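What follows are several structures.
In what follows, chain A forms one complex with chain B and a second complex with chain C.
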Partner chain A sequence: MSAARIVFIGGLLSYRALFNWLNPWIFIPTLVLLPIFQILLFAFMGRQANLESDQFFVIGNAVQSASTPCLWGMTSAIAGERSSRTLGLLLASPAPRVATFVGRAIPVIANAWIVSLISFAVGAWLLRVDLPPSRWPAIAVLVLVGSVSCTGLALVLAAISLRVRDTATLANSMYGVLLIFCGVNVPLAALPGWMPAVSAWLPLTRTIEATREVAAGASLGHVGGLVLHELALTSGYLLLGICILRYFEASSRAKATLEVV
Partner chain B sequence: MTSTVEVTDLCRSFKTSTGLLWRSHRTTEAVRDLSFSVERGELFGLLGPNGAGKTTTIKMLITLLLPTSGVARVLGIDVARDPQAVRSRIGYVFGGERGLYERLSAADNLRYFAELYGVSPRSQRTRIAELLELVDLSGREKERVEGFSRGMRQRLHIARGLLHDPEVLFLDEPTIGIDPVGARQLRELVVRLREAGKTILLTTHYMLEADLLCDRIAVIDKGQLLALGTPTELKSSVDIGQVIEVETFGLPQTAIDRIETLDGVRTVTASVRGHLQLLVVQGHPGAEVTGSVLAAVDDQVVHRVLTREPTLEDAYVALVGGS
Partner chain C sequence: MNRVVRAARLVGVVWYLQLRMFAVSAFEALMQLIWPMIFATSAFLIFRVNGDRELLIFAGLGASAMGIWSAMATAASNLLQEERWSGTLELLVAAPAPLALVLAPVALAMATMGLLSMVVTLLWARFAFGISIPVADISGFLVSILVTIAAMAMLGFLLSVSVIRYRTSWALGNALEFPGWLLGGFFVPLAILPDWVKPLSYVFAPTWGLAGMRDAAAGRSPWLQCAICVALGVAYGVIGLLLSKRLLTSARRNATLSLT
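The block that comes next holds the complex of A and B.
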């Protein structure tokens, strides 16, 4: 019971405490308007260059917009403990660590899902992308999968940022990597040979592919393999993130590496 | 019967490296063969200058750091071997403005830590209300912490440390940077906690505070124990002679240096008090130094001269200054 409360109640409280973008003056321009501008920018460039359809750009950029709240939200919610000097208090508590840190992922996922859905809906409306209403539920499920998978990667970055401290650089760099490598604006087949090999290890790649297939008329069952692949990768990232957090905590006791109080 | 806190030959060293290509390594001994014990219900003070090893010692006792060697037990539990068992039975409060979630209200800060310490949902509301009352923050619980004064934050820290009703409380410089009224309120709170049966280990820089509050005091410097006893024992254990306080204006360093070399003078400390300078001169036992000290500041404007009995601060200066 206690672990469940730490996951849900503790996760939400700490997310509210440490993710300072929840202020509407930051949330709306950064998490609502910016993704829409990104969709429009790439769609208009695509039109000018006679490349992919507007739908291609709406799907790629809307799904990728989940990475902003995931990367910055998760790293803030964990690395923020250090700047607020609450990390020592957290580590000196008897709370189960997995529940404490993974619990913070739940509001991150919810936030990313909402942001991504808003980008999707507004982007599609502005560009007159015609998506039949029957396809939206499946798209919403896939956007959720994308938010979960991106949060897995974000947990790894958050764990690393406890030690390297430069949260913003890590999150910015990873945002760029996801934008280029995941087939957001350029089809994977058009990328140079080595790049799709990297894409295969990144979250969002399969979600974007699956969402494009569903938007084109495929059923959720048809893209089940891609979804399972994405979730397996997510599990790997979550496990890696937890291992890094555990290692840092243990090494901090031995070497005082986290300067915890 | 075992002591509540037992520290035996505790050592902690830190290895640091500098340089990019040719790295040089250095080992700093932060705590060296430290031994002391704290009995149940005792308020025990740990005094020492900056860098003496007080916080490192506390970090080891609250399980955040592993000792390099030696043993530390809290409530009979080895802090290195079973940290989890120790964590649920101790509380930890440190001084300063940080260590709270600024964007959350006082109540939400307490609620979060109540979850971390497994305080049952049924008792959380009552417990938080009781503690807010205890630390005089009732009525302010819905306000965000970012608007709190330093004293209010510190009181909230104490409430946080007490959420799970710990048997042992570690207070690391809780009154640092707080105004005199706030510091007095905190000291009164600490006294109430001791009366409630808590075992408290307190570190502080304020001698008056240690003298007022502590049953026993350990003075440490450079990681080593210099003295251990009640405040009265410490005062009498150090062979301090006459203490002269001279209030003056703009005393040059050369004059201070001259006083230090006078016969019979043991230590000289100078500090600024408002627009005045306060010179505290400790003499060797039996030495009469008032005349020679006054002669040394003859060409200065002297506001006031006072001779008095040694205080805990004098004992501390004699101990740390002579170490």
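The block that comes next holds the complex of A and C.
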């Protein structure tokens, strides 16, 4: 029961306190306008390069837009505590680490899902991408999978944030890696030979592929393999994140570097 | 004459100090160099698929200049807010030197970082993607770059004073980055943009600076585009100057300058 309270109530409270992008003056430009402009930019590039349809770019960029709230939300969970001088108190508390950080991940996932769906809907509307209403529920499920998957990677970054102080650099760099490698704007088959090998180990790659298939008419069951693969990778990232978290926590305690900013 | 020398010294010192500040911040270095390269890489990957060399050169030139706008949009929007958080905004406003003479060289330093990003992106295009950009008129090309940087610095100055009351202006700056790349024709020609967007492109100085760079690279005359770019830069500077006076007077009167 205590762990459930930490997960749900603690997670929600910490997210409201630490993810200051929830302020509408930040949320709208950064998490609504920016992804929509990104979709437009790449869709026009695609038209100019005569590469793929507008739908291809709407799907790639809308799904990838989940990475912004995920990467920044999870790294804020550490960086925000550190800058508020509460990281030491948090880690000294008897609260189980897994419950603490999984709780922080749930609002991140919900936010990423909403951001991604808004980008999807507005991008499709602006570019007149015709997606039958019957496909939207499956797309919403896949976008949720993408948000969960990206949050898994973000937990690894959050854990690394215990050691690396410049979390903004970390989050921005990973955003770029996902943009370039996950087949967001270029089909995986058209990337240089070594790049798809990297893509295979990144979240979002399979979600984007599955969403494109569903948008083209495939059923959710048809892309089940891709979804399972994505969730398996997510589990791996979550496990890795928790291991890194434990290691850096112990190391920061030993070296008294936890709150060094 | 003494006043002119003092003003020139102020501009030079502020520009140099701002560059030094950029040099010690890993985040600034990332924003100025790696961030535009991420988008340049995406663009090169898109344009190389069909192997059209003309398109690659078009995108290469646009990608090289995009860092200048990136530097401006985010950093200039947040310029006064950073001073506010550092507690130095009141000192700058109260100092005998005109605020405009402090802000303009800071914006110029940001544009200078954009120039560095341009060089890095051109090298990245050349060595990672094999995109070499032939430049037929070197002097016209260099003048176009300098004019673009100066005009963007003035645009950054205007942006920084325009958002003095917007406490989270960095978010606005972030959101302006992609529209700027679209409006300026960095990756796509204006011809394929919707008609209602074009007037916005025409009053956006980088559109003309970039057109000048492309013309010079292709061996056509870039001077008309450069002249329009300069005129727009001067207009941004004058509007920024007038706006800074008005907004600062208002902020002083309402005691809102340092509110975070």
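Everything that follows uses one rule, which is that the second predicted complex is superposed on the first by the 258 of 261 C-alpha atoms of A that agree within 3 Å, B and C clash if a C-alpha of one lies under 4 Å from a C-alpha of the other, contacts with A are read in each partner's own complex, and residues count from 1 in each chain.
Operating definition for what follows: a contact is a pair of C-beta atoms (placed from the backbone, for glycine too) under 8 Å apart; a residue touches a chain by one contact, two chains touch by 3 or more.
Model, not experiment: these values are computed from the prediction.
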- [ ] Using the superposition on chain A, decide if chain B and chain C clash or fit.
- [x] fit
Task: Partner chain(s) touched by A:L90 [first = chain B, second = chain C, both, neither] - done: first
Open item on the list: Looking at A:T205, would you say it contacts chain B, chain C, both, or neither? Reply first, second, both or neither.
Closed with: neither
- [ ] Classify the contacts of A:Q64 with the two partner chains as first (chain B alone), second (chain C alone), both, or neither.
- [x] neither
Open item on the list: Just checking: does A:S147 make contact with chain B only, chain C only, both, or neither of them? Give me first, second, both or neither.
Closed with: neither
TODO: Go through the superposed model and pick first if A:A256 touches only chain B, second if only chain C, both, or neither.
DONE: first
TODO: Please work out how little space separates the C-alpha atoms of chain B and chain C at their nearest point after superposition, in whole Å.
DONE: 11
- [ ] Overlap the chain B and chain C contact sets on chain A and report the shared residues.
- [x] none
Open item on the list: For a test of understanding, state which residues of chain A touch chain B in their complex under the given definition.
Closed with: 2, 5-6, 9-10, 13-14, 16-18, 20, 84-86, 88-95, 100, 252-256, 260-261
Task: Complex contact set, residues of chain B against chain A - done: 14-15, 55, 59, 62-66, 83-84, 87-88, 92, 94, 96, 98-104, 108, 111-113, 115-118, 121, 160, 172
Open item on the list: Which stretch or stretches of chain A touch chain C in the complex?
Closed with: 21, 23, 25-26, 29-30, 33-34, 37-38, 40-42, 44-51, 166, 168-169, 172-173, 175-176, 179-180, 184-186, 190-191
TODO: Enumerate the contact residues on chain C facing chain A in the complex.
DONE: 26-27, 30-31, 34-35, 38-39, 41-43, 45-47, 49-50, 52, 55, 59, 166-168, 171-172, 174-175, 177-179, 181-182, 187-189, 192-193
